[in-house]
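Order as written gives the chain letters A, B, C and D; numbering starts at 1 within each chain.
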Amino acid sequence: MQNYSAILNNIYTELNASHFRGEVANYIPELSHVDIHNFGIHLNVLNGDQFSVGNTNTPFSIQSISKVLALAKAFSIIGEQLWQRVNVEPSGNPFNHLSLLELENGIPRNPLINSGAIVIADILVSHLKNPKADFLNFVRDLANDPTINFNKNVAASEKATGYKNFAAANLLKSFGNLENDVDEVLDFYFHQCAIEMNCKQLADTFYVFANRGTCSQHKDYLTLSQVKRINAIMLSCGFYDEAGEFAFEVGLPGKSGVGGGIVALLPNTFTITTWSPGLNAKGNSLLGMQALKLFTTETQLSIF
Amino acid sequence: MQNYSAILNNIYTELNASHFRGEVANYIPELSHVDIHNFGIHLNVLNGDQFSVGNTNTPFSIQSISKVLALAKAFSIIGEQLWQRVNVEPSGNPFNHLSLLELENGIPRNPLINSGAIVIADILVSHLKNPKADFLNFVRDLANDPTINFNKNVAASEKATGYKNFAAANLLKSFGNLENDVDEVLDFYFHQCAIEMNCKQLADTFYVFANRGTCSQHKDYLTLSQVKRINAIMLSCGFYDEAGEFAFEVGLPGKSGVGGGIVALLPNTFTITTWSPGLNAKGNSLLGMQALKLFTTETQLSIF
Amino acid sequence: MQNYSAILNNIYTELNASHFRGEVANYIPELSHVDIHNFGIHLNVLNGDQFSVGNTNTPFSIQSISKVLALAKAFSIIGEQLWQRVNVEPSGNPFNHLSLLELENGIPRNPLINSGAIVIADILVSHLKNPKADFLNFVRDLANDPTINFNKNVAASEKATGYKNFAAANLLKSFGNLENDVDEVLDFYFHQCAIEMNCKQLADTFYVFANRGTCSQHKDYLTLSQVKRINAIMLSCGFYDEAGEFAFEVGLPGKSGVGGGIVALLPNTFTITTWSPGLNAKGNSLLGMQALKLFTTETQLSIF
Amino acid sequence: MQNYSAILNNIYTELNASHFRGEVANYIPELSHVDIHNFGIHLNVLNGDQFSVGNTNTPFSIQSISKVLALAKAFSIIGEQLWQRVNVEPSGNPFNHLSLLELENGIPRNPLINSGAIVIADILVSHLKNPKADFLNFVRDLANDPTINFNKNVAASEKATGYKNFAAANLLKSFGNLENDVDEVLDFYFHQCAIEMNCKQLADTFYVFANRGTCSQHKDYLTLSQVKRINAIMLSCGFYDEAGEFAFEVGLPGKSGVGGGIVALLPNTFTITTWSPGLNAKGNSLLGMQALKLFTTETQLSIF
């Protein structure tokens, strides 16, 4: 029997003393003001146990972590045909995302890179009656928490500066892989990324992926097959150009966001979230990566 | 002494019998309706002689040929500092224009590929009081013909479908290499490309590049050094991925457009234009390329 | 409790009726003669149970599967410093392996692509007294079977036609990431790939990776941490450009070879091997991929 | 009438005072010992006038300049079918030469990049009875100077360290674009590059390209069409990634080598050579590039 409480406390204490915490993302102006000293870890064990250390009650911008939730929603709506519009291979190459899109005729490498997530957003805009409201409700239901919300300022900030996303969406459109208007899809996408949660809410939301498709309120959202596939994609593609490194060092499916959040999970066992807004050179939370590495080393729990 | 008239007539007669004339560009809906049987050649010798065969009085959309004119205007305004925002190397690679932009930090390879031409358009939007009107007047002055105009339908058609250009402009913006709004720059760019001329007008307009910077009305527009540089860029970069082929087969500086026009010139000697709307697989006028190859072979006139 | 025997029999019966079995690899002449009708599956459960269907006693060329064994040996010798010479990220891109090597200064993307495996071979040539004999003995010990051997004809056939590997090795050498002579390293590498095993032997050999570093004879070869890392690399990088697809469809760490073999494993539970020499378009055994997909679907066993 | 003597003297005097002369190539050990203070310019006017300043009698390694001579010989032997094995487009991209070869199925971008020159060498090995001796005699005949020779030490030095060329040749072989053995082709290639000439000999050798295919001894070597094509290729592809820059700044067809030599020519008018072993960041002679730029600026002679 693991003493999770002691393990988490030790990790927190050790890492929270770090002077070097990376850099807060500054390409979205609204995110650049977050205090770099925030640090929290929350563990949600499927047996019902919950463990929190540090700042786990402050909401942060989940950013790219939302891509997993959007994928889950789109997958549950349109099923396998989703894979005709987006691939499941790692992107491999950090410096030419748009190039790969050109080389591969507008089919994004996977649903967790920006271009792939924009295709997923397009699917949701096509299939949801009130896309933004419906998606927000889906997330609130997963977390069993109606207080979760968009941060409209963050969404507006991304819209005003998100030229690379406009470039990607237009390129997808040029290849016929975007059904709706660029502006409408990106408005949805920027809101999706601007959802805010704290560590506990995020761990609750991802419970469904650790629990074979059933959320903590015993409602079925995804088939076991769908959950396995989403977990496989998180493992292969969840950490930008550091996906291999994360699989290698941590050994869990997971997803990070430039807001400094990371969520990871061991199927049938737990979900765990970390938040520390300082990022490493590859855009993943520096303390968060270290915390998860220590956690799986200490507990010897990983999928491998 | 060359018998230009006989040479041009022979070329016209031989090529005009061709059944295979390539394909009319269909990615701009408004251009797809042009009759593929149009074919004309116009030669403007600096000594004042003019030779015309075929359909040289029908205006066509000059499209990318306008990039040379925009470059000339921007170069004459801001001089050498222009090269801080755009390079002068061939692009080489047809399938990853945006990728190169990513790899090379938002500095387009040269001013005649789309991303480079968009940077030039941005410079003109910044420096011209009434960008569209002022640029049109510049072109009219070069040609000494006030009837030259934009085709507003073509400009609108490009705006409605030009997703790749929106992608490129947003990517440039993300790298800080676009001063003005994407929409404003592209509105100018789509109008610039939608200028219409016939073969004779186009040959007159490019007289300035064959005549060391002085137009047919004896007005100086560019220094000799600037003209040489623009001619060098046309030779190296004027024909998309077929630039080497054109230098190799024709041996003249020139520029083509997807409207089916080509203009080429021998410094101090002549300008020559062809128009045939059917394009080869690389996007250059099929009959036009053949006509120019026959012309330089027959006359033994080339820069090499 | 799973009825493995019935499950395997059903899979075998269903797939063995397939008319379309892909194409036998023909780029190594010696391999092109193998009968495409061979098909076998062997399951080695850690509790000692063994299940065989089809042709599981005929040796085949393990080819790239050997890369995992070479990695294990090199990792056990030099430890973490191995990662200074080879990365752990998926390669992503099928059409420019050498290009990535150029872009990333001679550091291969991972140890399971050819260039990475050549670096691993170089490490073994540097550290083993009699590289070929010592490595063969390592494999025999893992399998507890002294009859395993090289096929010298296959090694010679690869040496005579392996121009791409010579290209890769010379490129590595040009970047200073090869200590020994190109010819010496490739002689080792071609022998390593030319090891022959049958399905049962291969499943026995990989027991160590399912059993936390301890082989079936209770001898420790690797630390738990090392085994986890190797399993993570297999999952992310074991199936060329189909790695994401395999993680997605099968959900197990594994490795394929162009000889038509595949090995996969569930940590703490089993190893499973398939052999069918017909390959799909991506170079992985067509029936083998289907068999493993059916097996994890039927048993609901995967790491996700 | 130009005062060439005064112009060349002024250029020499101005540039020879430079403290910053770039870096002598050090990747071929044998070349790294050349004194960086060497500097010479030789002008060979087709009317028979010759002008020399500085060190124009010391032989240097012509290196890549030899590629033009090998191309001329191969082109004169097999004619147009040469272009089935090598393209005529600029390479564009400095960091992935081998990648382009992979992407474009083993057809090098042009005959002046290393992979293209290796294909040309292969053609000469196939068609010449005594490849090295016959090629040397061809060069001696062009220059009308039987003292020109290989530097065997330089050839050996390149063979011992030319891993990138071995990589390229093996990659070509893997695509079926090399008829002879890699070692035999590269032995020829390394000798070809190791020819030594002084500035005057080099200017004499290239007389044939300025004089419509006829050498100074009135012997015809190439057709006018072939000469024009070779000149076009020099202009588009003669200066690595600086080809556009050279066309832009100098405006003449030319070729540089890492030995510090540059040769350029104005058709029907002159050939000019410079030698200064210090290279700029792109691998072209620093003083040589400046000298040629000053020369064409001062004389207002260029092809544009």
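Note that contacts are C-beta pairs under 8 Å (C-beta built on N, C-alpha and C of every residue); 3 or more make two chains touch, one makes a residue touch a chain.
What you are looking at is a predicted structure, and each value in this text was computed from that prediction instead of being measured.
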Most distant chain from chain D by Cα centroid | A
Between chain C and chain D, tell me the centre distance in angstrom, where each centre is the average of that chain's C-alpha atoms.
-> 47
Using mean CA coordinates as chain centres, what's the chain A-chain D distance in Å?
-> 55
Express in whole angstrom the distance between the two chain centres, defined as the mean CA positions of chain A and chain C.
-> 32
Mark out which residues of chain B touch at least two other chains, giving numbers and ranges.
-> 100, 103
Chain contact topology (line, ring, star, complete or other) = ring
Check the chains against each other and report every pair that touches.
-> A-B, A-C, B-D, C-D
For the complex, which residues does chain C have touching chain D?
-> 95-100, 102-103, 163-164, 166-168, 170-171, 173-174, 182
Chain A residues touching chain C - in the complex, by the definition given at the top = 87-93, 100, 109-110, 224-225, 227-229, 231-233, 235-237, 241-245, 247-248, 251, 253, 267, 297, 300, 302-304
